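The block underneath contains the structure these notes are about, expressed in structure tokens.
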């Protein structure tokens, strides 16, 4: 009997100890959404390093497949299954921030040493909703123009186009080579709006989506000309016929297989292209300028955000600030193909190369290149990109609707959204 | 009433009761599982159609979503596409499946192996089917555009998925490929249940192969045919994955069916309410269709 | 002469069906053994100039695929067995009895198939979440079972319909209870049907994607369909590995189905009703 009692007591003691040590350990749930095997591997190695110097914090990584990440993450949050930390593409910020799902990071950043080397853009872009820092970007996707040197030479062209009119002319000349060769890798399928905005803004001579009074600029005369140019490029056969349904993978494939000679993309495409093409066969030039002499390339970003529901905010901030410090961020940026967020990045060995010239040239000549970021403060931005743009754009390309018609439709929707926002945030 | 008759009367009643109860006993496990796991969420899902949603908020709007449906041109186009999609897929898979079932019923070398192999398409996850067929239709990495071009079906080797006129055939062909095994195997199993004496008797009576088919095979297969066709129609009509993976409902909405429209409304436009209303419409249409089939089947069974 | 034509026709038709069914699978295999840098440049070739098994190696070594496989196996087999048992009972009832509400039962069963999955996911997710059934295999088994019952029941019903009632009635006159008659006489006759049902439910559970995606977060609980999605990144699709994983996933289904052949093919040698 005594033995039994002793064993029970000892067992209870051990159990209590075990529970106590488990208690001391905080579990942080991190959700990544732009998932790929390489990114997951790198992220996990970063977190392993973090856990070594923070033994009382364990980070669990949940990887959502990108194709369904938006739906899945939204379902999770709607059902109350929120993680602590989430990888947040800029397009999602409006939705979650406006619905009070994200934590204000301002107070945490105040005591953060790395905040001093953080570029201004990071603070600016993370605070688009209500001027509150709801997320911190981990890198920028800046759009520039990849061009195929070989195909250009074949068509008798000496260099990349400097203006939009040259762009169209070059596309025409290269398509005249025939044989399955085309000028522009047009993206008619998912995610097309990034390029569309660049055409519209360039031809209109004004950056961005809105005027000061909240009306959209997309059905102004110049913008419609831009949309018309895209329609002409497709109609005239200066882009492949299949391009009407091309998404990211197809346009990149089109470029490195030599099907089309010009591609506007961010540094993330560089990773794939550099593997498949010889460095002397392609280069990256800045996006051509419009009739006003300026160009308006798009700038996107993704970063980390903390969920307002998190029960372990201090620890979550520790993980976040670790991933965003200069050293970790440089490594991350190289792996995933973004431009890093801390000052001095362009001096880094990796980013000083020829391939990155196009992007850094855009970054260092603000008089010619003004960046346009998506209006991430709008709650229904995702609705616009995912359900209003795809079908309408395809209808324009195929000639089923006029560019004016479609531009009017887009402008109407965006104006409504923007003015609604402005009224609610006087 | 004497005690004897009263006892007999009571026994009769309790006997009738247990007889009436009998089918429900057999049905109870199935009904229990379905009601607890599916019916409740189904009702909740239908209730969404009376509300208007944005990502985190919703408000009650009565029948407004249904009224919107009446004037929605995209929905009308989707209904037409759904008819093409369902009819086209079903017609070919059924007849080809039936043909395969009859083939597999005959002895030949390697039949067992063939039977296993032709089942494979059904075993492939549908999104993978979509991806693979998209590849096959892509001129850069697939053989089909070049074959079509060579035999004169196309003016140039491009993917049929990028042309609104031909895009619908892509998912239809993929669906046919996917669905043939379903019909082949179920019809084969049903065919195997037909007692062979019937065929012996028929040939003794001098019936030709065709007559045996129409007088013996078809009537016995009829119940199975009715059920499988009904089920498969319902599945095809609510099937969004295959189309979405191949064309996302495009280009320009030419492959947008009711099912893909529901998906886009729920997950891209974020209005669960509207998606639910459209789903209720689809549900109503399918129930009517099913009722017709069930009645037809009843009539067929009675004749037997 | 007739015989020769018949044979040619028969084997010709078999060949055509086989070719159609296997062509995409062949293409999948081809992609799975193509080295990445040749993937697009040799897109149309029938077989890559330099075949490689590297994709298979990396799927087996570097990813969690073996685990996803096991998960899918457990889920699929369990679901198939439960569903077939439950559906046989239900199908028998629908086949043999006439009773009030029979049409309603069929309609309710059908109802579970007509609502697009997309619409029931939010409520199901919420309920499962509260019950603690998300992120584990049990939740999926329960859901898959519920979804497959309708189809399996209808299937079994039609197979039972193919067996004449006289059989069990004769047995019951001889003194058997209905259950005994069912077990000893009817079920063996519907073995082909049960085999088909098990095969179909197994496959449905094996290749299901949407619920597995929505309900499961942890790597250790993922099914292989969800695992395939991880090869599709935002910026690149790892076709080689994805196809290799798919090919490997098809093998158990093939084996499972070949194993079930016995029940499907043997069928009946002679009808049981004399005269």
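Residue numbering begins at 1 within each chain, and the chains themselves are lettered A, B and C in the order written.
The definition used in the following text is that a residue touches a chain if its C-beta (ideal position, glycine included) is under 8 Å from a C-beta of that chain, and two chains touch if they have at least 3 such contacts.
Predicted model, so just to flag it, every value in this text is computed and none were measured.
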Greatest Cα-centre separation from subunit C belongs to chain A
Sorted by contact pairs, first entry is B-C
When centres are defined as mean Cα positions, the distance from subunit A to subunit C in whole Å is 39
Between subunit B and subunit C, the Cα-mean centres are separated in Å by 15
Expected list for subunit C, residues touching two or more other chains, is 40, 122, 229
Residue numbers in subunit A touching two or more further chains are 78, 253, 257
Touching two or more other chains in subunit B are residues 138, 140, 267
Within the complex, subunit C is touched by subunit A residues 34-37, 39-40, 60, 62-63, 65-68, 72, 75-76, 78-81, 248-249, 252-253, 256-257, 268-269, 271-272, 275-276, 337
In the complex, subunit C touches subunit B at residues 10-11, 13-14, 17-18, 20-25, 27-28, 31, 39-40, 43-44, 86-87, 89-90, 92-94, 96-97, 99, 102-103, 105-120, 122-124, 127, 142-143, 145-147, 149-151, 153-155, 157-159, 161-163, 178, 189-190, 192-193, 195-196, 199-200, 203, 206-210, 225, 228-229, 246, 250, 253-254, 257-258, 261, 264-265, 267-273
In the complex, subunit B touches subunit C at residues 20, 22-24, 26-27, 29-31, 33-34, 37-42, 44-46, 48, 96, 99-100, 103, 106, 108, 111-129, 132-133, 135-136, 138, 140-143, 146, 177, 180-182, 185-186, 188-190, 192-198, 220, 223-224, 226-228, 230-231, 234-235, 238, 240-241, 259, 262-263, 266-267, 272, 275-276, 279, 282-283, 286-287, 290-291, 294, 301
Given the complex, residues on subunit C that touch subunit A span 37, 40-41, 62-63, 121-122, 125-126, 129, 134, 213-214, 217-219, 226, 229-238
Per the touch rule above, subunit A residues touching subunit B in the complex are 70-71, 74, 78, 95, 99, 101, 188-190, 240-245, 253, 257, 259, 379-380, 382-383, 386-387, 390-391, 394-395, 398, 400
